[in-house]
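Shared between the two complexes below is chain A, which has chain B as its partner in the first and chain C in the second.
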Partner chain A sequence: MSLDYVKFAPGFEKFMPKEYRDMVEHGPFGKKTTVSQMGSFKEILEEHPMCAGCAMTLFIRLAMISFPNPEDTITVGTAGCGRLAISQAAIPFVYGNYGDQNGVASGLSRGLRLRFGDKPKDVVVMAGDGGTADIGFAQTLHSWIRKEKFTTIMLDNEVYGNTGGQESGMTSQGAVLKMAPLGKKFEKMDMVGMAKVAGCVYVATVVPNNPRRVEAVIKKAVLIAREVGPTYIQAYTSCNIEYAIPTDKVMEDAKNVEDNRYKFSEYISEEAKQYLAERYGYKEFLPKPAAAVTQA
Partner chain B sequence: MSESLETAVKTNPQGDPITSVAAAPKTEVKKDPHADAKKQRVVTPEHMFFEAPRTKEFITGSEAAKEAVRRANVDLAIAYPITPQSETMQLVGVLYGEGYVKEYYRGEEEIGVMAAIAGGSRAGVRCFTATAGPGTLRGLEGIASWPGHRLPAVAFFTCRVVNAPLAIQPDNIEISYLLNCGMVVFHAENQQDVFDFLLKGFTISEMNDVTLPVGVCCDGFFVTHARGYVRMPEKGIKLPPREAWRGAVPVLDAENPPARLSRDAPVQKSNFMAYNIHAVWQQEVWAAVERSRKYINQYMGGLCTAENVEGADAIIVASGSAAAQSREAVRLCTEKNIKVGLIKIRSLRPFPTQELRQLCKNAKLIVIPEFNYVGWLAKEVATAIYGHSKAKIIAGPHVYGGQSMPVELIVDEVESGLTGKKSTNVPLSAIMGTDVDQGSVSHFMQNI
Partner chain C sequence: MYLVADIDVDICAQTSCKLCTQFCPEANTILYNNEIGKDKGYKYGAAYVAVDRCKGCAQCVWVCDNMAKHHAIKMIMIDQLPKAAITDNVTYGEKTTTAVLASPMVG
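Up next is the complex of A and B:
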């Protein structure tokens, strides 16, 4: 990388805005930061125009802290609430057309690989449930089928929040929303199942009220996508406006939903396990010693 | 066992030796399929376009496109087989196999392809794709956003019918949709133009003060599937690679500070600054289209060409395959002692407005034959020369839906236009100029 681009040209320090100076002096670039250090460093996403109590914003903040290499990460998104926050971060963001994020990411990651070879340039797609499972469905599935090496994160608020609360494919059956005046008539789409069938080598579902788990999941997904294959994270990021969740109950709702129908799940291919163990020292994926296996 | 197989001669039931079985494995050393591509050497655009000796080959338009891509140092090409556009993208696949194109894949459909071209261009690599007709329109949301994102790339549109009933025949109505995207648009007449316009398109697209996609159009089948003579420099040379830092807007490689447009979405907000930012950005896109003129003049020898225009009573203005038919019409007219000139328009965006005003100044009649129903070129020409020429403008003849254009149709229009005889092929409403019924003209301009 060129960490240089986040540094000041000599002599210009005192003319730079405070925000910028904080980012250079106390930001996460070139350092290892974790969610447990939140509040002690300048995050790449702080100010944003999202609604009060928005769980999606918390998740995006946690995800951005968790990027293993923020200085070499490029995010790709589409229309929706999420991009209003993602676009404010101090890392590049591609805001393309409606639902084209996985197509853009395919060309982007292949192009970056041509230019930078093995030097990691992490491409992370962050789009909503509508962008990923409805309008962008073909491009999402085909990027997985083609084994495109980047991470797809669905910010699943189970509704078209940004356009004012219409039903999406990820809305649960029965939910009454705009465009579903009698309640949604079919089930929530099984994107996790489809991700596995389409060839994702790492698939996880997560809610934002467990920051360390979010961090672990994001790190694994981004690292695996560098060399092994496509990875998919589906995050429950409730819309407290459209689902009328009181702002002080957003985390409680997330916990309830997690307990009832959005349980933490993680699928990781054998190849991905081996890769994490060998390349990044993930001890839990190291092959068990022969003696231990026989004892068991 | 393997020895006995090698010696046995297989025969069919009639006793004839079967020759279509797989040949015995050759023992010679396996040749590197990329060997020739690796030997290609980079030359300057000037050398490629003007100095390198050229040899003539008799090839199809799709093959001409392939040969242009071979010499264009393309990094990423993405294909989709719209039925039956042309062989272009599968031939580019052959180039990928040979190592002339570094990365290549078959996309899911055109929206996905155009999105991935946008991603590749943002990554800073040189991108190419081709599509046609319904594929162009399907991908148009993406294509129309390339100029605003200032994404250099070259797309080849091998035009065909887009409207229902579904057909696969040539018809260039899709160009009218491309004209207002903010990209540079060329219209190739023949196989030679396809080769030259594509190759030069890459260089023009990546000029710092342009930084725009270039669309090269041609009329499907007439150009893509038919053969013509193409003069080309040797295969062993290629253009310099794309220099990612050179663009007017930084690429998204996390090596350069990201462009504000990509980073924020300020234009999304409903306030004066948002409107202002978007307005200024659009102005800049079209200003970049204007700035490409000098490179089109430099590398392509002008936005249009003029043949026999000096002293001509009538001028035929045409682009694409219509220009080829018009050239023959000019020859027939000359035999009849009618003084007719031909202006062939190569660049539709930017449009040769000043050139046309100058060239059409003294013409009495302008005939604009087109391979589409709506007459988009006639409107462009009429708008460009409005107030600068007293000529009667005949927006026609038109053929569409796969029809070919008999040269006699064009000759008829020239003759009837000059003599005042009523045309049998062009309605009165498609005849414009100072001496015609303005009500009919407005009918044509508004209705189509």
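Up next is the complex of A and C:
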């Protein structure tokens, strides 16, 4: 887990596939690559079997670019569509049994702290809404209540996409799905509210039709989880298959959903603001000069 | 046969706004070459598609039409592209890439 693990073993360079060589020589490791540079450096995400046009795929692609230190990051996932892509990136991926991801990440993040001390090693969980809010609900909530320091990202496509369209706790009330033909009877779960109550120090909702915002949110969440406490991002990542969205309308849908019911929101604790300002130079969180405070 | 995205260099090179790749779900697919179009007086280079990675979703078409409002991308049957960029022929450089175009058809 350092820059060394992506380098070639001496003498093996010429036997490595082109994609691997490109990644070592022109990938994001050890550099600060950003969303605005996309298309001009080799990304660490490789080809994968997720559906054409899937917004979850786009979100995962953006996430991989946004990790502050990809060479010091481990992703944790579980059953569901997302792992099909997350596992095809050049950063270590740990597969937790369905719903176990936040338990696995708790142990992993504690172990990394014991082994590496203050050197940051980032643990990022990315799992579906079913994995996070239904089957993994207890483990998700308990990791937050225990103040485990890692980032949880819910890939919220509002359905069990990988198994053909069952409703989840995150499906909207009334939604009719292939395996929920009568329509969902209950409201969408308020996981954002629960994250705050359970002690997450950073909570955000995003939609991938604003790539730079996704980048900013992921960077903050990962940095804060290094020292301050658990962080949670809930991302609307539509399933174009189960919701029958034509692939060329996926971004139009994202925009409509964002406008109507998935607005960008961000909660950040005072301690986390101070940490970002002092440690990582986030100007917007620097304490206001005394004059500005008295005027306000 | 199947559809892939094809970018009209003459339209794209006028701005090379770099929006489409930020919305393509596939990694390393819409790439930029900062040199394309310089021989015709354009300054910013242009986008192109590594067609072997394109899944044909047309999300980039929607983005170029509706967000960038440049209408530079069309979906085209892969056998109608005489030459195209494919991953094996892409070279990464400092903040740019280049591709030697080749027939995308195997055999």
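By definition in this document, the second predicted complex is superposed on the first by the 292 of 296 C-alpha atoms of A that agree within 3 Å, B and C clash if a C-alpha of one lies under 4 Å from a C-alpha of the other, contacts with A are read in each partner's own complex, and residues count from 1 in each chain.
Methods note: contacts are C-beta pairs under 8 Å (C-beta built on N, C-alpha and C of every residue); 3 or more make two chains touch, one makes a residue touch a chain.
Remember, predicted model here, so these are calculated numbers, not experimental data.
Clash-free side-by-side placement of chain B and chain C is the outcome of superposition onto chain A. In the superposed model, A:H142 makes contact with chain B only, not with chain C. Applying the stated contact rule after C-alpha superposition, one finds that A:G111 touches chain B and leaves chain C untouched.
By the touch criterion stated above, A:K121 is placed in contact with chain B alone, chain C being left untouched. The superposition-derived angle at chain A (between chain B and chain C) is 130°, Cα centres, a multiple of 10. Contacts of A:M170 after superposition: neither chain B nor chain C is touched. After overlaying the two complexes on the shared chain, residue contacts for A:L84 are found with chain B alone; chain C is out of touch.
Legend: residue contacts after superposition of the two complexes on their common chain; A:Y98 is shown touching chain B, with no touch to chain C.
Once the two complexes are overlaid on the shared chain, A:C54 sits against chain C while remaining clear of chain B.
When the two structures are aligned on the shared chain, A:T73 is found in touch with chain B, with no touch to chain C.
Between chain B and chain C, the minimal CA-CA distance in the chain A superposition rounds to 17 Å.
Contact residues on chain B toward chain A in their complex (touch as defined above): 75-76, 78, 102-103, 105, 107-109, 111-125, 127, 141-142, 145, 149, 244, 252-258, 262-265, 268. Those residues of chain A whose C-beta lies close enough to touch chain C in the complex are 18-19, 22, 25-26, 35-47, 50, 52-55, 57-58, 61-62, 64, 209, 211, 247-252. Of all residues in chain A, those touching chain B in their complex are 1-2, 5, 71-74, 76, 83-84, 87-88, 91-98, 100-112, 114-116, 121, 138-139, 142, 146.
Of all residues in chain C, only 18, 21-28, 30-32, 34, 47, 53, 55-59, 61-63, 66-67, 87-88, 90, 92-93, 95-97 touch chain A in the complex they form.
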